[in-house]
Each structure stands twice: as structure tokens, then as C-alpha cells.
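Below are two complexes that have subunit A in common, paired first with subunit B and then with subunit C.
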Partner chain A sequence: MAIPVRKFDAVIVGAGGAGLRAALQLSEAGLKTAVLSKVFPTRSHTVAAQGGVSASLGNSEPDHWHWHMYDTVKGSDWLGDQDAIEFMCREAPNVVVELEHFGMPFDRNSDGTIYQRPFGGHMSNFGEKPVRRACAAADRTGHAMLHALYQRNVRANTQFFVEWMALDLVRDTDGNVQGVVAMEMETSDIYVFQAKATLFATGGAGRIFASSTNAFINTGDGLGIAARAGIPLEDMEFWQFHPTGVAGAGVLITEGVRGEGGILRNAQGERFMERYAPNAKDLASRDVVSRAMVTEINEGRGCGPNKDHVLLDITHLDPEVIMSKLPGIREISIKFAGVDPIKAPIPVVPTCHYQMGGIPTNYKGEVVVDGKPVSGFYAAGEVACASVHGANRLGTNSLLDLLVFGKSSGNSMIDFIKAAPKDLPELNTADVDRSVARVDRLNNQKNGSNVHEARAAMQRTMQAHCGVFRFKDMLAQGVEKILEVEQMVKTTEIADKSKVFNTARIEALELENLIEVAKATMISANARTESRGAHVRDDAADTPERPNGRDDQNWLKHTLWHREGNRLDYKPVNMNPLTVETIALKTRSY
Partner chain B sequence: MDDVHLKRLVWRSRRGLLELDLQLERFVAEVLPTLDDAALAEFENVLLLPDNDFLDYLNGKADCPDERLKPMLARIRGAQQ
Partner chain C sequence: MTTQTVKFRVYRYDPDKDAKPYMQDISVEVDTTTERKLLDALVKLKVVDETLSFRRSCREGVCGSDAMNINGKNGLACITDIDTLKQPIEVRPLPGLPVIRDLIVDMTQFFKQYHSIKPYVINDTPAPDRERLQSQEDRKELDGLYECILCACCSTSCPSFWWNPDKFVGPAGLLAAYRFIADTRDTATNERLDNLEDPYRLFRCHTIMNCVDVCPKELNPTKAIGKIKEMMLKRVA
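So, the complex of A and B:
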């Protein structure tokens, strides 16, 4: 069957901050640009970003991009590439001011300049003292950013294909990217979007974990597609977690609850933090609390029928205090845990929040494999690994990442498209056929596995074996288990075969993307036998030679997971900034 | 309302905010199939709300200025109890 082909200069998959920023660059340059999105652009997950976007504008007090760069390198636990980090921090003031001109309603100082507030990890003079660097639009920074960028794109005639799901990449026999195969949800019709340049801006894959703050749409589609097309995934063992999300839901319970006297308890009702941190107890640092919680669960003292969470107890607090000092917490708990925290403790578990790894790119947004750009292929935002976040992300750098690398990839694509031959080359139909066959397999599967069960098995496995704190033996078992889950995913069956907005089919296809991310994460984490940033293992202890378990001699390198044979290889961290001196290795402590 | 329309509303209940996904999940599974055409049209209008506003109205953090949307917001809220 001939698959219809739509032709563009550029095709962008994903309409969150990065996709919209790149699209704007391309459309304003007069290029014919298509943006595909599963949901309406302003309902992308960027909308969930509240904290702000960092830029060394220095509106309140002196600041410098070099200090921002230092904070970012340190935050990354030296796994970030220093060329990309310098580029991002230098560009930050430009892209923020640009966004202001696009109509972004930033909070302002009385003199009209953008108001900047302090944020964890933002320091002046190379780690000396806190500096106000975060720019925000009340608690709706992501929302306001999406609206400003979307409006501007409409004006620039970007063509939106809303409620379309990308399925697979099309590459020619030399590996050059020719576009994507995509499905229109309303009809289940499959089209090829052929373009001179293709950008993935599909966001993260936080839904691989049982407990995640990510919206349901965050299924790592771009990562799954790239992996199937033979592109390795970089540093997938690094995920940022928050210690207390409502178990089974993922909605965060602010750490302020422990500040107000909240106590963590295990299945025996024991205040277990007394054993892990005799002085600070429940007020110990995020890492210590997360580690203790996971250790309790892992040693069989977790709560609930599956012993998979602990309890956050505020029943001893005066209800007046709960109402006045912790607004919203009671409602979250009642709504998402079915528990009134005045009467009973809240079930909580460490919860995944952000993916540091992704499709390997350089700071121009070009996808790089074996040291060379993949012709015609670009990635930006959470799906990409430039790598500016390294082993852990500095707060407010995610929105900055979207703006800087959305714009830079857009510019790279413009140059590439303008230099490309006028006519699009002949399409490699073999890749198209493979994609269609993948959907046919799902449609025709008999006696297969259940999508929800397979997804739940994946999420439980990732949470238990590869969560916020990792154990050597659990990781090794986790690799076996996730490969078993993969077999389930290969035979998923859907009961509803209808064509129109078939959510069951979409979820089955999303699961095929999630499982690639899950394998990449588990296998990469199992192999990295050090602790660094957000990847913390029980067998990589804090010693004088290896502070915090970090092993620079053996592990100052990026992981690359290849889907074929689950092969791992590594590439060096770029320690050479563009214009300044290397920010030398140091122990990361705050 | 035809099947196409209904299934589109199910998909559009996928949002950018987890808190909305979770609250709509139960509503879509349990309440949506029981709604008549007039109520479905109300739900469709509610789904046009920006995510942050939608969540604030559901959480009672802000009052929805559009009186016509209030009954459906109350039903979605009610599905969580």
C-alpha cells in the first residue's frame, strides 16, 4: 500500500518549549515548517514548569554567565560538556530578553526590568554566595512561555499537525534522515512527513517509573524512535528524583512538610530517619532521605500490600498548623492518596521528575553519532543530551535548555536546509514499510499480552530496581527483569481495533517507546559502577579517594546505549569550554 | 454525540499536568460514558481551558469566571471523592 507523503523544509516532532522555539526560528526564516504534536501545543508538559528560567541578567545584583556556567558544571557533577554549558549560559540573557519581546509576561521590578529571584544552586563568584538569577512569570512560567511562543508561531505561519503521533524515523541507506512516519489519531491513517531537516523535541520519558511527576504524555516517543533507527541514547542512567511523591500517583508533597514537623515511618511505624541521620532526622538532605526511604522499602519494611512505599506522618501536628502552614497538602493527600493527613499518614515514595540523558547532540542541536553529525537530524529539550545537565540538572536550567537549544537547532537547520538541494531526494521506503509493519503487528496480534499489565510491570521494575538509590544486586536482577518485560511488550494485543481516536492503540505504541528508554536506563545504570550526581549506588561508597563515590579515573565519560544487542560504549566528557578555561574537577558539595 | 466525538474527548483528557491527568482519568472511566449530549458539550468546553486555570478551578484555588463551566467542574471534582 502506498503511504501518502507530505513534503516540508523542516519537520518538528513535539510542540513544547523546544519544538516551538525551533519552529519559530524556521518559520520566521520563511521555511515551510511542520510541527507534529500528540496534544494541543499549549498543553505540552512544559506547562508544568513553575520555577523559572535562569539568566545572568544581573537585574538585582551583579551576576555573570561564567558564574552560571560554574554552577551548571558543578550541578552536573562534571559530567556536563563544558562547550555546551558555556554556550547555554552565554546565550541565556539573549534568549530571555528575546522571549520578553515575544510577549512573555515576566514578573518585573519597579524600574521595569525583569524581576529575578534566588534559587537553589544559583551562586555568584564561582560558588561564593547566592545570587538572584531566576526569571519567572508568577508560578506559571512554562505556561506563559508556551503561550508566547505558540502565538508567535501562528503569526509566522508554522503549520501545526495537532493530535498526530510520530511512529518512526526514515533514513536513507547512508543514514541521512529524511523525515518521519506519523499517524493521524483521528483516522489512524499513516503518512510520511518528508523534510530536508527533522527535529525531535518530544520531551522526557518519566513514565517509565511507577512514581513520576510527568504527565501521561511523557512517553519518550523521540527516544524510542531514535533507538529503533539505530541512534544510541546517552547517559540514560541519570534521572532526577524528588523524595516525596504520593505513592501510586506521583504528585509531589513539598519538602516543607518535613520542615513543619512531618515524620517518615516504615511499616512498623518506626521513625526510621533516626537510624540514618541521628541529628537531622527527617530534616536530613534530600539524598539522605531518599536513600533511607529506598533502603527501608528494599529491606522489606515498606508499607501497603506491595510494601512499596513509606508513610509521611503529620497526624501529631495541630490541624490548624496543617491548614495554615501547609495549604494544598491536605487536599493533595485526600484527592490522590485517599487519606486525610490530619487523621492518617500519607503514603509517599521517591518520585521521578526529570531525565538528564537523551539523544546525543552538540550545542548546535545536531544529533552526533561516532563523532559526526547525522545529516538532517536534530534534537532539543529534555529528549536531547547536549549535554548541559550531565549527572544532575541545576534548577531552572530546563526551561533555559528549551530556549537556547530550540533556537540553536533551528538556526542549524536553516543553514542545512539552505545548503541542501532544492528537490527532496527519493524516499527510502524500506523504513516506511518497517514502521507500517510495526503497527500491523499490533493490529493483528492474537493471544498477546495486555498493554496495561506490561506497562505496570515495566514501571514496577524500574521503580524497584533502578530508582533514586540503586543496589548492585538489584540492578543486575533488574536487567534480567526488564528484558522479560520487553518480551511482553513485543506481543501486546489491543481489543479495540477501531480507527478513530483509538487511545488503546496509541498507548500500545507509546509503550513500545517507553520500553526502549527503560532498557537503556537499566542497562546503563547497571554498568556504571560509581556514584555521580543523580546516579547513586550502594557499592560506590564515599571514600577519601572517591568522594561521594565518584570515580573520575574510570567514569568521567558519557554512556552510549545501543539498542542493537544492548551494547554500551562510552565517549569522553568535553572538558574544553569555547572561550574560557576548563572548570577543573572538584568534589561536589553544597 | 457520535462515537468519534466521544473518543476525541477521551484523548483530549490527556493534559500537560499530571494532576489533571489523574483527576480526569477517573472521571473519563466512570462518568463520561454516562453523560448525555448536553453534558458532553459542557465537558468539551471545560477541556478548552488552559491547564493551569483548569487545575486551579478544580482545586478551588481560583473561582471559574465562566458560570456555564461550573456545574461540569463540580462533577469532575465529585468524581474524585
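So, the complex of A and C:
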């Protein structure tokens, strides 16, 4: 059957912060751009970001992009690429001011400038003392930003394809990317979106874990698609567990709560972070705080009848501050934890939150494989690995990542499209056929496995074998188990055969993407026999020779997982910034 | 783990196989410690019957995907406690919009109205190098306006919108219109008022206030509409 083809200059998959920021560049440049999204743009997961977006505006006290860069490199446990980090931190003030010009309703200081609050790992003067760098709109920064970007795209007449799911990439025989195969969810119709340049801005895959702050839609579609198309995935062992998810519900409570003065307490009421991070205390980096919390719980100092969480206390704050700066948190806390934080502390546990790894790119948003850009293919945001977050992301650098790399990839695409031949080349229909065959397999499967059961098995395995603390034996078993789950995913069957808005089919297709991410994560984690950032294992303990269990001699390198044969290879970390000196390796402490 | 049986009456319609919509009686077991919200029960229900179709994403009340009519009142499934609902819980699609399938409605008309008010800051003065300054008091004017999640609970509970979805902007769109009028950085107030100067677009609001009653974010579109009407009148005077 011939699949209809729609032609564009650019196709963008995903309409969260990165996709919308890139779309704006392309639309304003007058290029014919299609933006595909599984959900209406303002429902993308960027909407759930709370605390802020970092930029060294220095509105409350002196700050400098170089200090921001230092904090980001240190936060990454030196796994971040220093060229990309310098680029992001230098660009930060520009893209945040631009966002303000787009209409973003930032909170304000008394002099009318953008309000900034302290955040974990944000320090002045190369790690000296906390600095106000997180630009905020109350505790709804992501919501305000996503809506402002969508609104600006309405102004720019960007063409959206809402409730379309990308299925697979189309590459020509030389590997150049020609576009994507996609399904309209309302009708189940399949089309090819052929374009000179294709951007993936599909977000993360937090749904590989049983307990996650992530939305249902965060199913790693771009990662699954890229992996099937032969693109390796970088540093997938690094997942951020956010310290403060609401216990039991998983819903996020922003680090901005601690930025505004919130304190973590154990069952004895002790401010335990003073023991783990004497300088930064509750505002240490997220991996450090999450591990401290789990240690408290494991050693019997957890709270509640099951001693399975700790408490986030803001009862000492002025209720006025809570109402004006943290209204969303109060709402979430009342709705999901049943407590009003003005009166009682919030029960919290570390919860899977953010994927540091992704599709390998450079700071221009170009997808890079074997040291060369893949012609016509770009990625930005959580799906991409530039790599600015390395082994651990700093709070508020995610929204910044979307703005900076959404914009830079948009600009790279404009240059590429302008230099490309006017007519689109002939489409490689073999890739299209493969994609259609994948959907046909699902539609026609008999005596197969159940999607819900396979997904639950994957999520349980990831949670038990690849969590905050990792264990050599558990990781090895985890690899076996996840490969068993993969077999289930290969034969999923759906009873719903309707052509109309078939969410059962969508969930089955999403699972085919999630499982690729789960495999990449478990296999990469099993192989990395050191502790670094968010990846900490029992057989790489803190010793005088290897502080924190980090092994720079053997592991100062990026992992690359290839789907074909689950092969791993590695590439060096770029320690060379664009204009300043290398931020030299150091033991990480807060 | 304590479980509880939750009884439902759910609106079902799949145009691919159903001649007309029907109500399905169905129940599901939920874990009362971890599955307390209506959305949790619906997700569980979908495990029992995977053909049940509804939108959902953030499951914390910020994305606006899972708006539906719950026991006769519009709301978000993800922040509605099962405990507060009389059973069987009657779940229907948002009223007044075409149904695509089950609880999924076609929101084209709703977004068309939102887009019609030019939902973006208009300011043709050259942008400064730094942020445009705004006082804390002026910024405060946007509170209660910018937080809208476009779930459509309000517009689809408004009789004026049911009657004239193509002509009346509706509470969500008008709340957004006032959000930009109220923004000191926006210079197009007159143009925005002109855009609403019409017997239907603004003035079909008869302050029934269903919008205020159902808004899951506790916003007040009626108040915003009142402010726009006031500005219109002042302009005439």
C-alpha cells in the first residue's frame, strides 16, 4: 500500500519547550515547518516544571556565566562536555531575556527585574556560596514558559499536527535522514513527513520506572525511534532521582521549596543534610540529597508507620511567602499528600525524574555519530545528550537546555535547509515499509502478550535493579530480566482494533520505545563499574584513591549503546571549553 | 493493601463499531492507599477493558488533558478524589463538543476561540537589551489569569458557549484576552477591545458563573470578563 507523503522544509517531532523554541526560529525564518505532537502543545511535559530556569542575570547579587558553567561541570561530575556547557551558560541570559520579551510572566523584584531564587548547586565565585540564579514564575515556571512559547508560535503561524505520533525515522541508503513516518491518532492513518531537516524534541522516558514524576506521555519515543534506526544512545545509565517526589504519589515538589528555605528532616526531626553536605546542606546537588535520604531511610530513620519517607518542612516559613512563591506546591501537597504545608511537613521520597543521557548531539543540535553529524538529523531537550548534564543535572538547567538547544538546533536547521538542494530527494521506501510492518505486526498479533503486564514487568525491573543505589549482582540480573521483558514486548497483542483514537494501540507502540530505553539503561549501567553522579554502585565505593568511587582513569568517557547486539562503545568527554580554560577534575563535595 | 470496588457508569461510543453512544456499567478494584484519584481508577479500568478511551498526561492537574464530566460536573479526573464521588460514578465527555470516541472530544472549536483573541503579547516597540521592567504590583495583575491550563472545563459548562460556540469566545478565551489586556508589557489594549466589540464575542456572557464553579485551578473567568466589559463601557464614555 502506498503511504501518502507530505513535504516540508523541516519537521519537528515534539512540541514541548525545545520543539516550540526550535519551531519559532524556523517559522520566523519563513520556512515550511511541521510540528508533530502526541498531545496539544501546552500539554507537553515542560508544563510540569516548577522551580525556575537558570541564567546568570545577577538581578539580586553578582553572578557570572563562568560560575554557572563551573557549577554545571561540577554538578555533572565532570562527565558533561565543556564546550556545550560553556555555550549553554553563556547563552542563558540572552534566551531568558528573549523569553521575557515573548511575554513570559516572570515574578519580579522590587526594581522590576526578573525574580531569581536560590537552587541546588547554584553557587557564586566557583563554588563558594549559594547564589540566586533560578528565574521563576512562582512555582509554575514550566507552565508559564510552555504557554509563552506556544503563544509566540501562534503569532508566528507555526503549523501544528496535534495528536500525531511519530513511528519511525526514514534514512536514505547513505544514512541521511529524510523525515519520519507518523500516525494520526484520531484516524490511525499513516503518513510520511518528508523534510530537508528533522528535529527530535520528544522529551524523556521516565516511564521506564515504576515510580516517576514524569507524565504518562514520557515514553522515550524519539529514543526508541533513533535506536531502531541505528543511532546509538549516549550515557543512558544516568537517571536523576529527584529528592522530593510526594511519597506514594510520585508527583514532583520543586527544589525551589528548599530554595525558599525548606528543610529536610528525618524521623528524629534532625536536619540530616548538615551531616552529608555541611556547606550547601539542603541545597546540595540532587544526586547527593537523594542518596542521603535513602541512607536515612535504610538506616531506620525514615518517617511514617513504614519508615519509608522523610519530611520536607516549610512550616517555619512566612505563610505569605508560601502563598506567593509556592502556591502550586501548596495545592499539590493538599491534593496528593493530604497536608497543608503551612501547617505540617510534606512526606517525600526520591523519585525518578530526568534522563541525563539521550541521542548524541553537539551544541549546535546536530546528531553526531562516529564523530560526524548525521545529515538532516537534529535533537534537542531531554531526548538529546549534548552533553550538558553529564552524570547529574543541576536543577533549572533542564528548562535552560530546552531554550538554548531548541534555538541553536533551529538555527542549524535553517542554515542546512538553505544550503540544501531545492527539491527533496527520492524517498527510501524500505524504511517506510519497515515501519508499516511494525504496526501491522501489532494489529495482527494473536496469542501474544499483554501490554499492561509487559510494561509493569519492565517498570518493576527498572525500579528494583537500577534505582538510587545500584548493586553489581542486581544489575547483572537486571540485564537478564529486561531482555526477557523485551521478548514479551515483541509479541504484544491488542484486543482493540478500532481505527478511531485507539489509545490501546498507542500505548503498545509507546512500549516498543520504552523497552529500548530500558535496555540501554540497564546494559549501560551494568557495564559502568564506577560511581559517578547519579550512577552509584556498591562495588565502586568511596576510597582515598577513588573519592566517591569515581574512576577517572578508566571511566571519564561517554557510554554509547547500540541496539544492534546491545553493543557498547565509548567516546571521550570533551574537556575543552570554547573560550575559557578547562575546569579541571576535582573531588566533588558540597 | 486495602482495596475498594469502584462502580462506574461510563459513556461509551466508538464510531468504528457503535451505531450510537451508550452507558456502560462497570466496576474496578483499586488500592485505596495509592489509587485515590478518579484517573487512577480509570487507568485501572483500562487494564480491564483496553477499549476505554480517554486523554491523560501529567496526572497532577497542570496539563489539562483529562477534563471530563464527572457526576454531572466538569473537572479533571487526576485531581478528583474517588472518595468525594457518589457511586456509581457517572463519567461523560465534556458537554457541547463533538465526541470523537468515549471520553475524547474534538476541541477544535475551543482552541479556535482561544486563538481568536490573539493570545500573545503584542508590543511593537523595540525590545531592550535586558528584560522589560514590570513592577511587582503590575505583575500581580496577571495572577489568576496566566495559570489557565486550557482544559476547557469552563467553556464546556457555559450555556452561552453551548449555544454559540462559533460566535461566543467563551470563558477560557476571554480569561486569556484579559490576561494580555492586563499585562503592562502589551500595547494592544484598544485593538483587543475592538476584537471583542460585537454582540456575541464578549457580551453573550450572562454571568451564569458555571465557569467559576468548575475551574480546577480555581480561576475566575467571570471576574475577568466583568473587567473587560467595564473597560468597554469606559471607552464609550
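Rule of thumb we're sticking to: the second predicted complex is superposed on the first by the 483 of 590 C-alpha atoms of A that agree within 3 Å, B and C clash if a C-alpha of one lies under 4 Å from a C-alpha of the other, contacts with A are read in each partner's own complex, and residues count from 1 in each chain.
Criterion: a contact is a pair of C-beta atoms (placed from the backbone, for glycine too) under 8 Å apart; a residue touches a chain by one contact, two chains touch by 3 or more.
Owing to the predicted nature of the structure, the values given are computational and were not obtained by experimental measurement.
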**Study point:** Fit or clash - subunit C, subunit B, common subunit A
**Key:** clash
Check your understanding: Now for A:275: first (subunit B), second (subunit C), both, or neither, which partner does it touch?
Key -> neither
Practice item. Scan A:43 for contacts with subunit B and subunit C and give back first, second, both or neither. Key: both
Exercise for review: For A:111, select first, second, both or neither according to whether it touches subunit B, subunit C, the two together, or no partner.
Suggested key: second
Exercise for review: Could you say whether A:500 touches subunit B, subunit C, both of them, or neither, answering first, second, both or neither?
Suggested key: both
Practice item. Using the touch definition from the top, say if A:251 reaches subunit B (first), subunit C (second), both or neither. Key: both
Check your understanding: Is A:372 touching the first partner subunit B, the second partner subunit C, both, or neither of them?
Key -> neither
Review point. Pick from 55-63, 163-171 or 181-189: which stretch of subunit C gets in the way of subunit B?
Key: 55-63
Review point. Which subunit A residues lie in the overlap of the subunit B contact set and the subunit C contact set?
Key: 39-40, 42-45, 47-48, 140, 143, 147, 186, 215-217, 249, 251, 328, 331, 335-336, 498, 500-503
Practice item. Please give the residue numbers of subunit B that touch subunit A in the complex, ascending. Key: 3-4, 7-8, 10-12, 14-23, 50-52, 59-61, 80
Point to revise | Footprint of subunit B on subunit A - complex, ascending | key: 38-40, 42-48, 140, 143, 147, 163, 185-186, 212-217, 249-251, 328, 331, 335-336, 498, 500-503, 506
Exercise for review: Flag every residue of subunit A that touches subunit C in the complex, lowest number first.
Suggested key: 39-40, 42-45, 47-48, 57, 97, 100-103, 105-114, 137, 140, 143-144, 147, 151-152, 154-155, 186, 215-217, 248-249, 251-252, 328, 331-332, 335-336, 451-452, 494-496, 498-504
Check your understanding: Residues of subunit C touching subunit A in their complex?
Key -> 14-17, 33-34, 46-47, 50-51, 53-65, 79, 100-101, 104, 107, 111, 115, 118-121, 123, 127, 129-136, 139, 142, 146-147, 149-150, 180, 183, 185-186
